[in-house]
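Labels for the chains are A, B, C and D, by order of writing; each one numbers its residues from 1.
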Amino acid sequence: MYQGKLAQLIQHPSHVGELENPSAMAEVTNPVCDDRLRLSIRVEDGIITEARFKVYGCAPTIATGSMAAELIRGKSLEDALRITREEIDRAVGGLPHTKIHCATLAVDAIWAVIDDYRRRNPV
Amino acid sequence: MYQGKLAQLIQHPSHVGELENPSAMAEVTNPVCDDRLRLSIRVEDGIITEARFKVYGCAPTIATGSMAAELIRGKSLEDALRITREEIDRAVGGLPHTKIHCATLAVDAIWAVIDDYRRRNPV
Amino acid sequence: MKRIYLDNSATTAVDPEVLEAMWPYFSEEFGNASSVHTVGQKARAAVEAARARVAELIGAQPGEIVFTSGGTESDNLAIKGVAEALSDQGRHIITSAIEHPAVLRTCRALEKRGFRVTFLPVSGGGLVEVTDLEAALREDTILVSIMMANNEIGTRQPIEEIGRLIRDVRQARGSPYPYVHTDAVQAVGKVRVDVNELGVDLLSLSAHKIHGPKGVGALYVRSGVLLAPQMHGGHHERDRRAGTENVPGIVGFGRAAELARTHLAERQRHMQQLRDHLEEGIARRIPDVLFNGDRERRVPHISNCSFRYIEGEALMIRLDLRGIAVSTGSACASGSVEPSHVLTALGRDRELARGSIRFSLCKDTTASDIDTVLDVLVEEVAALRALSPLAQPSETRV
Amino acid sequence: MKRIYLDNSATTAVDPEVLEAMWPYFSEEFGNASSVHTVGQKARAAVEAARARVAELIGAQPGEIVFTSGGTESDNLAIKGVAEALSDQGRHIITSAIEHPAVLRTCRALEKRGFRVTFLPVSGGGLVEVTDLEAALREDTILVSIMMANNEIGTRQPIEEIGRLIRDVRQARGSPYPYVHTDAVQAVGKVRVDVNELGVDLLSLSAHKIHGPKGVGALYVRSGVLLAPQMHGGHHERDRRAGTENVPGIVGFGRAAELARTHLAERQRHMQQLRDHLEEGIARRIPDVLFNGDRERRVPHISNCSFRYIEGEALMIRLDLRGIAVSTGSACASGSVEPSHVLTALGRDRELARGSIRFSLCKDTTASDIDTVLDVLVEEVAALRALSPLAQPSETRV
């Protein structure tokens, strides 16, 4: 089922865990299948310097969660918000078509954690 | 399906044909499946000296027809009438159980041809 | 004794190449195609590759192929599946008098459930008249099921014409019904079969008639056609047919379909030449023979004829004892003979129906097989006629 | 990577001895068992020998075995066949909430045809209470269908008791109904199955669960039991199931049945020992695990447990990536998860149902396989818990 890069990411995700005293943190749930993705970030000067994720859900969510953390690192909040589902899908090496929702969940988590950051740091 | 003696008799029946000027002749039909067996005999001094058969019907009827002709030859009419379905079944080497009616038809033919003889030669 | 097998309409030998393709899926790649793990996914990939091949053989899309346990199940699924799905639209079905029992008895079973079935008669040559079909159409006709090629006499029904007629009827009515189903079990792999050229909505296939394994078949279901599943259980075959997929069987079917498609033209020519050679020999060398079924509009591998004065089963058995396998329209069991419903529908009398023999060829039949069969047949027919009380002495030539 | 297959409840590898027995019937003795000639009769003899072997495995008479395309068809035939045959006697059926979909969905389909179905609940251990069954019996109950062993958790239902209860009920009523059917697909070949000891009228089997081929099954139908055929066509299987017999498949089933009978005791012991070893290891080495289903009353080859905080499909996939095939009660497709109806019926909450893994063993599983699985499992569960937002840090031990 899972091969190449996607398998690699499922088995050996990076950025696993939770930041201590993060700048922001959010957990999103796929309402249909109950998959959960938690993202915590550290933001310095408008740039995401660190990100960690936790996940409960089907296997590809591990890959998309890991990739979400990887992709937002070093990006401005604005640039992070531009990351698309398709970009994550490509970056993990292509999801099976029944698992596209795993990429959606990752994008949702990015939006949610940035939302949280902005709530905590109103302009 | 057919092996050994039965196969032999189906392929190489004896007493095939019709006697010229027979002492008696009869044709019987199985009312269900339309098989037909014709038997002609020559009787001398109450003894069946010759018999010939013709048959239209499923393969084992060839064997039972041939065997009927064989078994009655040299017998008195009374002895011929004592031949049973089981005897013919055994003599042809054992019929498949769906084909027992072929032995019945042979016994019917023996009875019918002796009937015919007795009609022609009333006591 | 060298055996010659001319009963390929009953079943065919699995092609060695087909068996080779199936082989790994029994004990090595034995996974359940519904399992998500690697072992299962290899099975799934093999099933889907086979589906694509079966689809290609008949000009369909892979998603339109539903694998079943054989031609019988395909026919049952098509007819009951449509009947159940469309029972609110109507309860009338049209079929022919010479269908395979898998269609006929399924229709009879539906009659008990309140459906009405018209069994169209056929011509003396075994062909359905499209005008008869047209006349039989009713407002509430939901399904027309006419076989593409008859299994006893090989005649080809005018399915393209039927497809066109029904398309026009639907257009005139502004309705997607009636559907057209064809049992193409005896046509597939023998002649070109293309679901779009035929204009059918459902089409039945069976693997073991095209050198694939027994116990596997398929039903083509045109995209969008409503069909109620008849086997309930897991979500196999996109909820159209439950039951763990017979992976090696399906793989074998796929390979057989691929071979059938690649070699269609040459096989067709080969079988037809030998079949014609057989028929010429019979006509020339044996008197009092009647060929059954239209001689032109038929598949290339079947020849059916009636030998007067003799009984088909006896001839079949005597041929078998000499190493030649054929079949007969007359099967006598427990003292009762059911004469073939096909030959009866053609108007053959009981004697001729009983005296019928079907020779059915395949790609592996050789010219020397046919020559041997002719020689043996001449002898056996003569011997049985010499035995027959129906033949006049003058008619029996040995 | 050496692969370890612990998904034998999904399907088993065909035993090399079984394959060897099947082999000749594909391309050499390829006849149609309905053909009267020698080629056909050899196939017929092989089918009948296999029938005798399958019958012997379950203490039945050969004439009581109907070959089908698998366990799914056997269940469909049993339930729909009885419903149709006895619909004049009554329209109520009793089954359980944890049956295989082949039973559950068939019952649902019958509800649409006007039958009433009681789905009995089960205890927390996954067992039907005979008193519940007794209470559910109605005047018009025609069929009780309770599986012998559950395919997800392996629990064994009290079929003997049910058989006795129904026998008494029938005697009191002076009626041959209700019939008792049991889906024994997961029990056959794993524990002793004897139709007379069980007191059942119908029993479903599937070849591919006992190292036979996919696409073949059987239904035991006690002599005298009324059953309406569900597949219409030729006169196969004494008019109880139409369709050209899958000769090699049936032969393989026969051989697998024979091997299962001969080696039953040793296989049973072997699987149970290894299964217990697996469960001990899990209980000792992994915290927060719940075993699903009664630990005593069950078949020897299945173990099912829920790992808190983690999701079954993710664990299954990670095990697969390390060469270990298992299955899970949670299958996520297109973003919707159907939690296992069995675990739900046991009262497991959504999280536990989703975190369940089924390990299913076979005769070929080795102790070293189990040791490897344990080592890998400990690592993978810990890794997934480290990833899980549900687990508290203190709960995750790596």
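As a convention for this text, contacts are C-beta pairs under 8 Å (C-beta built on N, C-alpha and C of every residue); 3 or more make two chains touch, one makes a residue touch a chain.
Owing to the predicted nature of the structure, the values given are computational and were not obtained by experimental measurement.
In terms of C-beta pairs in contact, the better-connected of the chain pairs A-D and A-C is A-D.
With centres taken as mean Cα positions, chain D sits 41 Å from chain A.
Chain geometry summary: the mean Cα position of chain B and that of chain D are 57 Å apart.
Between the CA-based centres of chain C and chain D the separation comes to 34 Å, rounded to the whole angstrom.
Each of residues 1 in chain A touches at least two other chains.
Among the residues of chain D, those touching two or more other chains are numbered 36-38, 313, 316-317, 320. Interface note: chains touch in the pairs A-C, A-D, B-C, B-D, C-D.
Note for the complex: chain C touches chain D at residues 3, 5, 7, 10-16, 19, 26-28, 30-32, 34-40, 69-73, 75-76, 100-102, 105-106, 108-109, 206, 208, 213-216, 230-234, 242-249, 313, 316-317, 319-320, 325-328, 331.
Looking at the complex, you find that chain C touches chain A at residues 36-38, 41. Across the complex, chain B meets chain C through its residues 1-2, 7, 10-11, 13, 16-17, 27, 30, 32-38, 54-59, 61-62, 98-99, 101.
Looking at the complex, you find that chain A touches chain C at residues 1.
Considering their complex, residues 309-311, 313-314, 317-318, 320-322, 332-337, 350, 354, 386-390 of chain C touch chain B.
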